[in-house]
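Below, subunit A partners subunit B and then partners subunit C, in two separate complexes.
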Partner chain A sequence: MRKLALKVTEIETLSPLVKRFRFEDPKGGALPVFSGGAHITVEMPEGETIRRNSYSLISDPYDGSGYEIAVRREDRGRGGSRFMHTQVREGDEITVSSPANLFQLDLRARKHVLLAGGIGITPFLSQLRQLGMEQKPYELHYAARSREEAAGLKLLPEAAHIHIHISEEGARMDLGAILDGQPLGTHVYTCGPDGLIKAVADQASRLGWPRTAVHSEAFTAPPPGEPFEVVVKSSGKTVTVKADQSLLEALEAAKVEIDYSCRGGACGRCQTHVTACDGRILHNDHWLSEAERAEQKTIMPCMSRFKGARLELDL
Partner chain B sequence: MTMQFNEETFRGDYTFRNSPAAVRRFPFPFDRDSYAYSVNIEQHPGGPKGSPFEFAFDVDEHYVAEMKDREITLAEDPMRCQSLPHMELAGWDLLELIMVSKARDYPELFKLTRDGNAWHWINKPLGIDKKFTFLDPTTLPCGPMEYITRQAQGDFALLHEREGNLWLDAGMVTSQADWSLDFDVGMNFFEWHAPVPKARKMGVFDKALKFLLAVTQEQSYRRLNWTMTVNPRLDTSPENYHKWGPEKRTITPENVGAKQFLRVELQTFWRLPRSNALAFPIRCYLCNLEDIATQPKWGRRLHRVLRDIDPDLAEYKGFAVNQKMIVEYLSQYDDGAPTSPGIFPED
Partner chain C sequence: MPNTEFSPSIDSRPTYAGLVSQGAAHGIMVADDAGAEALCDLASSDASVMDHAHVLLVGAAAETFGRIETLNPRGLHGAPDLAAATPLIHRLLSEARMGTALYLAGSEGLMGHVSALATGAGLPLEAIQMEHRGSIARRMQCVHCKGITEDVTTDPFTCSHCGLTLFVRDHFSRRLGVFQGVCVDAETPGEVPETVEIRA
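Right after this comes the complex of A and B.
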């Protein structure tokens, strides 16, 4: 996997919980351009291990002068966002992956409706710019609890087709009103809490929208869980996966070679063959089919965990 | 390095020839003495100096003649180049990828100067000197995909990703092994592969699609595919089957070495940055049996592969009618000696 060694050139506090980071090439070189909705994976060295989290790019996709992300501090998460908030300073070196996109715009759409809940605004910030440059009709709705928490406000342009819904002020997002009456050929994109994604899917299906016109950001952060052990077939080594660690992170810490890209269960890169399984794989990815899950012959280590006596991986 | 471009034709009098150097760098597709479908994918570019794998887009002695042949085919049938409206951005991505790669890899042939979106492109072999505005279609004589693929050897497919599948929504296809863009445009990965025997059952296509969806812009890949063609004809399309199909019947034991060509496709996969589309260039190389046999390892191996191939594959690839004559001809080059692994000739 190709990596980019960049420099942190700006850190800005957008809200009590959200900071914006800008990364640039230390020699001022151009970075690869990308498409709206793309993300990068940021490496965070912590002692012996390297933590890697994926974040949506929020900057202009066609501008290679720098990459920007917005990180919300999650104190109960696995620590990556805490690291970004407390350890990273302007001028630091930082290693990131080149961009990949699992939430692209469908440019066939006659119109694009973008629905963001909370920090789910991030992928839309680059999509907005792409839609602007491609001169495609769109509208964006951004829902947040309070103005103070709405980190996206500072990053959104003021425009007639950008709508802010602050629930504390009684302006809740009314999905029925937004989706009803959209022109034929409109696509809707949702990023935010699971509840919002599901509500949009339900509403769209009630209104008879084709399933292919309804998109949502697929990848999420790996969930913590109970610790467990896996055996690496080639070496016979046993690797322990801690409660706040993903299986992929534990394998990397044990210097087992394994491929990845999204680290969020959506790209398929980390798929690993299971050579012995006495127990139950807790599949948390969005990649494997129901049939593949049931077989327990393959696992996505970036997201999934295990409960049982023995799990052996073909690594 | 100066490159000589052949004056040659791929139809009519068929004056196409490979120089001895072109024969030695021919991408012989068999790394062992037998063949079955597989997900044979490796990283690209990268390979021995002078090989067709060294650079992103190989330019060789056939460049100018191949571009002339494409012009003839397009003049007769404009539907060989199609791009659905949402694929224009992917066309610009492809134009950038090819111009940047060629200018970097062949500085004596191509030059690209960029000042923001004001671009200046010089293509010496084709005598083109063009200033245009990147992402502004009104500054080019045709769409960006058509513009650049009239200057790049091989066919090109641009795939749109949606619903966990790839859709063939744009392409320039004039040197294809018997498939039709006009028929396949708008189809998905499984639909356009439907005519291929055996592979779907073997799980080849499920694995290949998963692999393609995971290709990111940081890393591109290639695979080789092959078939057999009578006469050095690039345009073996279903549309023109009436022109080339009957030529299969002209093979005799006397002319098979000169008229029967091994046709190899160097297929590469690229994730495009702005559109997130996938580009799938399919570059065709032709080499007749006589020339193949100048490399003893290739002569021995091709004999064994074609002798033992699954009859369904010989039928699908369209050489079953001449298989006996081909194998008989090649048998004179097979002394039964073992062959070394890998595709490159032994020295």
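Right after this comes the complex of A and C.
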């Protein structure tokens, strides 16, 4: 994966938990442009370990002068977002991947309905600019608990087709009302908590929407958990995964070669064959099917963990 | 006569799974004279499907029109050919809401043309039901002059626009709703293989 060495040029506090970061080429060169919904993977070196989290780009996809992301601090996470909030300063150097997109707009649609829950607003911020540029009809609904927490408010333009739903003010997002009666050829995109994604899928299915018109992206970073061990089949080496480390990060730290892209359980790139499993794989990804999960013959190391006596990976 | 079974071919060649009632969903049904039979079969499997359906018959005989009328669809329209039907299809699609089921029945030319209009209106292909009835004549696009020749039943055939002798391919353009015809004697002008009837 191509990496870019950039400089942190702006940090802005958007809400008590969310900060916006802007990265630019240190020499002022142009960065690769991207498409709405794309993300970059940010490297966060801390002592011996390098954490890598993927974040949606929130800046203009057609603007190569810099990349911007918004990071929500997750105090119960592995420490990646905390690192971004407490260690990164303006002027620092930072390594990121080239943009990749797992949540692109289907431009064959006649209309786009974008539904964001909380920090799930991020991929839509770049998509809005693309939709505006291409003059495509859309409506965006952004749900947040309170105005104070709604970091997206500072980044969203005011427009008749941008709707804000603040649950604390009693303005909850009514999915039935939003999805019912949309013109034929509408596609819906959801980014937010799993519960919202599932509720949208259920509602769309009840209204007879074709499945391929329903898109979603869960924005989770790998969850922490209890430490566990895995065995690498080719070398017989045992690798310990710490509580605040993902399996992928532990394998990388142990110099085991493994491919990856999104690091969020969505792209399927790091899918790894399991050669022995005495215990239970804790699947946290959005890639494997229910049947594949139950078989325990394959694992997504970027997100998933293990509890039991022995897990051997075909690496 | 049931849904036609076509011989297996390349992946891009459309296949037609047959019509299945989507219950109380609003429906748009487009069929030609032979395809109207598939609509009758659909209504006999679930009579209520017609309560929510706008039916458009293209080039159908008066008798066929009368048969569909007895099924009491919510709306019934007729057009002499695809060109005349197109503005009405556009209107039905533009007024339709998500959750509308699209049922197409008849020749590959009709289904290809209407499904291209529907996908152009943003409807995913999986939301379109199709059942082949009647003639296996194809709607062919000449890849050289881009002209479309209707009702092609032989291979090779002569492009009705530029006059080239075209080989009938199974390669299908979903965007245009037509099969692709390629000059058969480009390398060896005048050496044209024997003309044969197209088979299913």
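FYI, the second predicted complex is superposed on the first by the 306 of 315 C-alpha atoms of A that agree within 3 Å, B and C clash if a C-alpha of one lies under 4 Å from a C-alpha of the other, contacts with A are read in each partner's own complex, and residues count from 1 in each chain.
By our rule, contacts are C-beta pairs under 8 Å (C-beta built on N, C-alpha and C of every residue); 3 or more make two chains touch, one makes a residue touch a chain.
From a predicted model like this one, the values you see are computed outputs, not experimental measurements.
Subunit B and subunit C, once both complexes are superposed via subunit A, clash. Shared-chain residue A:Lys111: touches subunit C; no touch with subunit B.
Residue contacts after overlaying the shared chain place A:Ser97 against subunit B, while subunit C stays out of touching range.
Of the two partner chains, neither subunit B nor subunit C is touched by A:Gly279. In the overlay built on the shared chain, the residue A:Thr186 is in contact with subunit C alone; subunit B does not reach it. Applying the stated contact rule after C-alpha superposition, one finds that A:Glu134 touches subunit B and leaves subunit C untouched.
When the shared chain is aligned, subunit B and subunit C each come close enough to touch A:Thr212. In the superposed model, A:Phe34 makes contact with subunit B only, not with subunit C. The residues of subunit A shared by its contacts with subunit B and with subunit C are 108, 212. Note for the complex: subunit A touches subunit B at residues 1-2, 32-35, 38, 61-62, 97-101, 104, 106-108, 130, 133-134, 212, 261, 267-269, 271. Residue ranges of subunit C in contact with subunit A, taken from their complex: 22, 25, 93-94, 96-101, 118-124, 126-127. Of all residues in subunit B, those touching subunit A in their complex are 84-86, 89, 135, 160-163, 210, 213-214, 216-219, 271, 273-276.
Residues 108-111, 179-187, 207-213 of subunit A touch subunit C in their complex.
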